[in-house]
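For reference, the structures are reproduced in the following blocks.
The two complexes that follow have chain A in common; it is paired with chain B in the first and with chain C in the second.
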Partner chain A sequence: MFMAFSIKKWRVGMLLLPILVFLCSFFIIPLVGLLLHSITDPKFGMQNFAQLLATTTYAKVLYNTFLVSILVTSISLLLGFPLAWCITLVPKGWGRILLNIILLSMWTSLLARTYSWLVLLQSSGVINKILMALGIIDQPIEMVHNMTGVIIGMSYIMIPFIVLPLQACMSAIDPMVLQAASICGASAKTIFFRVFLPLCKPGLFSGGLMVFVMSLGYYITPALLGGVNDMMLPEFIIEQVQNFLNWGMASASAVVLVIITMAMFYVYLKVQTDSPVSSNTGA
Partner chain B sequence: MLLSHNSLGWKLKYSLYVTSGAIAAFLVLPIIFIVFLSFGSSQWLIFPPPAWTLKWYIQFFNNPEWIDAAITSLEVACLTSIIATLIAMPASFALVRGRFKGRDYLYSFFTLPMMIPVVIIAVALYSVFLTLGLTGTMFAFVVSHIIVALPFAIISIINSLRLFDKSIEDAAVICGASRLQAIFKVTFPLIKPGIVSGALFAFLASWDEVVISVMMASPDLQTLPVKMWSTLRQDLTPVIAVASTALIILSLFIMIIASFVRKQSNRH
Partner chain C sequence: MGLQTNTMTQSPLVCLRELNKEYGNFTAVDHINLDIRKGEFLTFLGSSGSGKSTTLSMIAGFETPTSGEILLNDTSLINIPSHKRGIGMVFQHYSLFPHMSVRDNIGFPLDIRKVEKGERDKKVDEILNLVQLGAFADRRPSMLSGGQKQRVAIARALVYEPEILLMDEPLGALDKKLREDLQDELRLLHKRLGITIVYVTHDQDEAMRLSERIAIFKEGGIVGLGTGKDLYRKPPNAFVASFLGNSNFLKVNVTGPTSAQLDKHHIILDDLHEMPINQQALLMIRPENLQVLTHQQAENEVLLDGFNQISGTVNESVFLGESLTCSITTPSGHQLISKNIATEQPDLEPGSTVFIRWNSKHSSLYSKWEQSDINKNASQ
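Now for the complex of A and B:
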């Protein structure tokens, strides 16, 4: 309606110029350069991918990456669901406290939190002591430098990323719909599985997908809490670069990681229908 | 009934509350634990510690490596936050106000650095900066952190611009202000909370960045997370707990400012 006042084309261009120049020179060009290494380093061809497929280490790395990501996603969904539900349900003040706890955890330094788990889970650590005092175990169990540590540490970090979208989704559900089911004679169990859960699906899906993709690319926590045998894809890439200076292999595995990630995000964007920029502007 | 506090069966309600309380405790206790640990006297991080001490703090503040790293971190985070916000502001304006095709694609492009695994960005930039001989420079740190911080600034500013009622700006123009005057005198003051929180999140993103920084660092120039990382790979000394506490306090401080800014904006 205010066509005369909307920004002219060339001005839009000027406004976008800084970010486009910046992202192209320091993000897109390096990224494309890195991905091109996979078919040009040391010589042109597919040899790096052939080598990837041939090495058993790599198959193991891929297996670990997917196994850890699937487990972490499932655990954070299981733990995030009751928390999101509780936040939606309790009186506003309590809900705000819980949300603040989640934000605090999310914005607290990743290294600090990982360090905390490293100390908590070590064999002389608090967790082992508590378990022994409770008589659940007789001697300390190994919980760091193996997959258990990675899964505990990563689930801990990912829970907020489930709770936030899920809680937003739950608070948008009209309680009347559930009431209607109840009036029509459905039991609590039926309402939960046939009405409530299906209505939560968008939140579960977007949170779960987000966490899965983030887990695939996680480096810090697996590197600190994991052992030598459960290396994941990001560690593999860094190792190829730092220890072996093998840019071809590093780049080929980077291609694999980028393709998986982008495919997942494509699905994510397809599912998420509303436009982030245009809905409110009346365009 | 499953979403109403009063009509939920008490058995279900209390089991839900207890579970959620436990999960919330699971989220918050490790953070508190670190702060306590930094005051514990045990070198081997025994908890509860045999005695309380400040010696790790003294060690931290007497070691120039830790202090230099902390100062570098602050410098990098400030520069990153300022530059990322300055780049993000015009871009957000163009995306929200401009009428052109492909705005959604551009938005996805600008937030792409958030989706690409940070390891990939780190290795890609490392390869370029290594060839240019720029690793271990302030330039490398700031540029690489801006890439990670940009999406946070963009998202925050775009959200506040979308919520801003453009007719207020139009009213100023009708009353005789030029478009630029109206933007600077009317629009900016009103969307300032969005810009400030965008800048704060950009700061935090840089302050907490590890993977890229590890690749960019040199023995002479490193950020606090890099120093923590390299120390962590050797041993678990409580000095790291001190550094962690520093990181936690700064994050907490910024979160409080951010929520304060948001509250101010709600009053408008």
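Now for the complex of A and C:
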């Protein structure tokens, strides 16, 4: 009896094997490898981390990375929220068209989109030319090869990642709940802040977290639109690998990035324990 | 009853004047006039698309009338947004705030009105006791059953003591047993609080059980208004007759003020109708007002004054426990359904000849009707 039961259990457990093998070979082993690199290259010890924390360049890089990520997340939340709201509110057909436009921009080559911003933003670019022709500015504004360019380019790229979860979250909100708030005496402003916004919280959180974490590790856009002085963590890693062949240092900074990301995710799970939207359908 | 007669003399709380709502070419509500009395339980009854919910939405302020007027205490509501109307409303799918506890859901209208904290908590506790949900105060709506959710919704709508409570099919999503329990609770609540309730439903039993007056909606208009008893016993038109309960319709020729010709039979009519003579009319009799007698019984029992008698053949009789329904064909091919208390009824064999009697007081006569009014009944 006992034997039969344990064999059955084991058999059921076997079904998990393929996914476990997959997870191990593609996620866990590389991560462990990265960790090992960071403490064994060139010799065993914490010297890579010590060196990392000792360099002012690295502190500056870390600061830049966080500043850009926070600003990009905030800007894309601010722009993505009304966009998601718009998609939810307009009649169904139009909403789908708007959503498709956003998806289309997501599917377009990242490189092409980044270079387009370069064309638009550079000193002899379209925006500067128009502003000068209108007489608003006399000198071209420096909008690329600095942090401004990085933030503009990245915010644009990140907006769909805010809009998609947020729009899903908003369309799950029962409009009758908003009507109920209205008949209870709440003005449009009160409804927005006391009912609508709290109900959007899961979408805002998941979109915001995704964008923040993606921004921390973003390379192409900062590399093309950013300047030498505003280096971000991924650029720093590339530099370590390509210019100095310092694999240990590169691994150590990558490990720091992983740890920060995991800490963020932990905080997210703590703050966002329940999902009001999932209970929305029944209530 | 004393209270009711008292309130009838008062001016109406809500007046709908020539209220009209059009969506493009479709008229959802067609120039209706209605007075809602203070303290009454009024039900809008109608099938879906009859305009009852649209009318309620216009009173609540969610829909703007195309034309017409809504008066609350003689003040126009047309340009007042819904959040300033001071109306309470309960929705079909509860529409509770999923991110708030039961207590905060109920306290929400008080928070909006900036009621002082101590008083707010006191009022919320009182109303929680009224709807018997004290033990659930700190739960989220998702952790409640359907009936409990709807009680929270009712509490939320009552907590700020609105003059009028609108209910849009509030029990529609609940199962039958729970629905009946809540109907009883709601009726008691209405008696206890004396609040004016306007209730929307498509369920005629619910309308009968709950309301003091029923307004029957058809294609955007009100086709019947009165107590359930009056509407059932003396329906103002064939539609109301077939919509409320079951009914038998017979085409007759009016021959005099109180007489008519049904095929070859001469029958007596109720003297309340105002029908021109020598015109075809529709006679309506409720199944329970048809007495079915065997040949033997018909010979033994005298035909009383004011009663009519015609003959027919039994098609089928069905025993339903408390009652016996019987489908009968008259010699001219009319189909009739009778429904009688089963204990008094002899067994009726299919094919046997029977006599059908009814009191002329229990019949209604209509000069105008649409075929769809009658057919609807047959399809039920």
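Methods note: the second predicted complex is superposed on the first by the 231 of 283 C-alpha atoms of A that agree within 3 Å, B and C clash if a C-alpha of one lies under 4 Å from a C-alpha of the other, contacts with A are read in each partner's own complex, and residues count from 1 in each chain.
Just so we're on the same page, a contact is a pair of C-beta atoms (placed from the backbone, for glycine too) under 8 Å apart; a residue touches a chain by one contact, two chains touch by 3 or more.
Everything numeric here is computed off the predicted structure, so don't read it as measured data.
Judged by the number of chain A residues each one touches, B leads among chain B and chain C. Of the two partner chains placed by the overlay, neither chain B nor chain C lies in contact with A:W10. Once the two complexes are laid over each other on the shared chain, residue contacts for A:P198 go to chain C alone; chain B is not touched. Legend: residue contacts after superposition of the two complexes on their common chain; A:T190 is shown touching chain C, with no touch to chain B. Residue contacts after overlaying the shared chain place A:S182 against chain B and chain C alike. In the superposition on chain A, A:L89 makes contact with chain B only, not with chain C. In the superposition on chain A, the residues of chain A contacted by chain B and by chain C overlap at 179, 182, 276-280, 283. Against chain A, the residues of chain C that register as touching in their complex are 60-62, 81-89, 91, 93-99, 108-109, 112-113, 140-142, 149, 153, 156-157, 160, 166. Listed in rising order, the residues of chain B touching chain A in the complex are 1-5, 8-9, 12-13, 16-17, 19-20, 23-24, 26-28, 30-31, 33-34, 37, 44-47, 86-88, 90-91, 93-100, 103-104, 106-110, 112-113, 115-128, 143-144, 146-147, 150, 158, 162-163, 166, 170, 173, 179, 204, 207-208, 210-211, 225, 228-229, 232, 236, 240-241, 243-245, 247-248, 251-252, 254-255.
The touching residues of chain A, counted against chain C in their complex, run 174, 176-177, 179-187, 190, 194-195, 198-199, 201, 274, 276-280, 282-283.
Residues 2, 5-7, 9, 11-12, 14-16, 18-19, 22-23, 26-27, 29-31, 33-34, 37, 79-80, 82-83, 85-91, 98, 101-105, 107-113, 115-120, 122, 124-126, 156, 159-160, 170, 173, 175, 178-179, 182, 188, 191-192, 196, 213, 216-220, 224, 234, 237-238, 241, 247, 250, 254, 257-258, 261-262, 265, 269, 275-281, 283 of chain A touch chain B in their complex.
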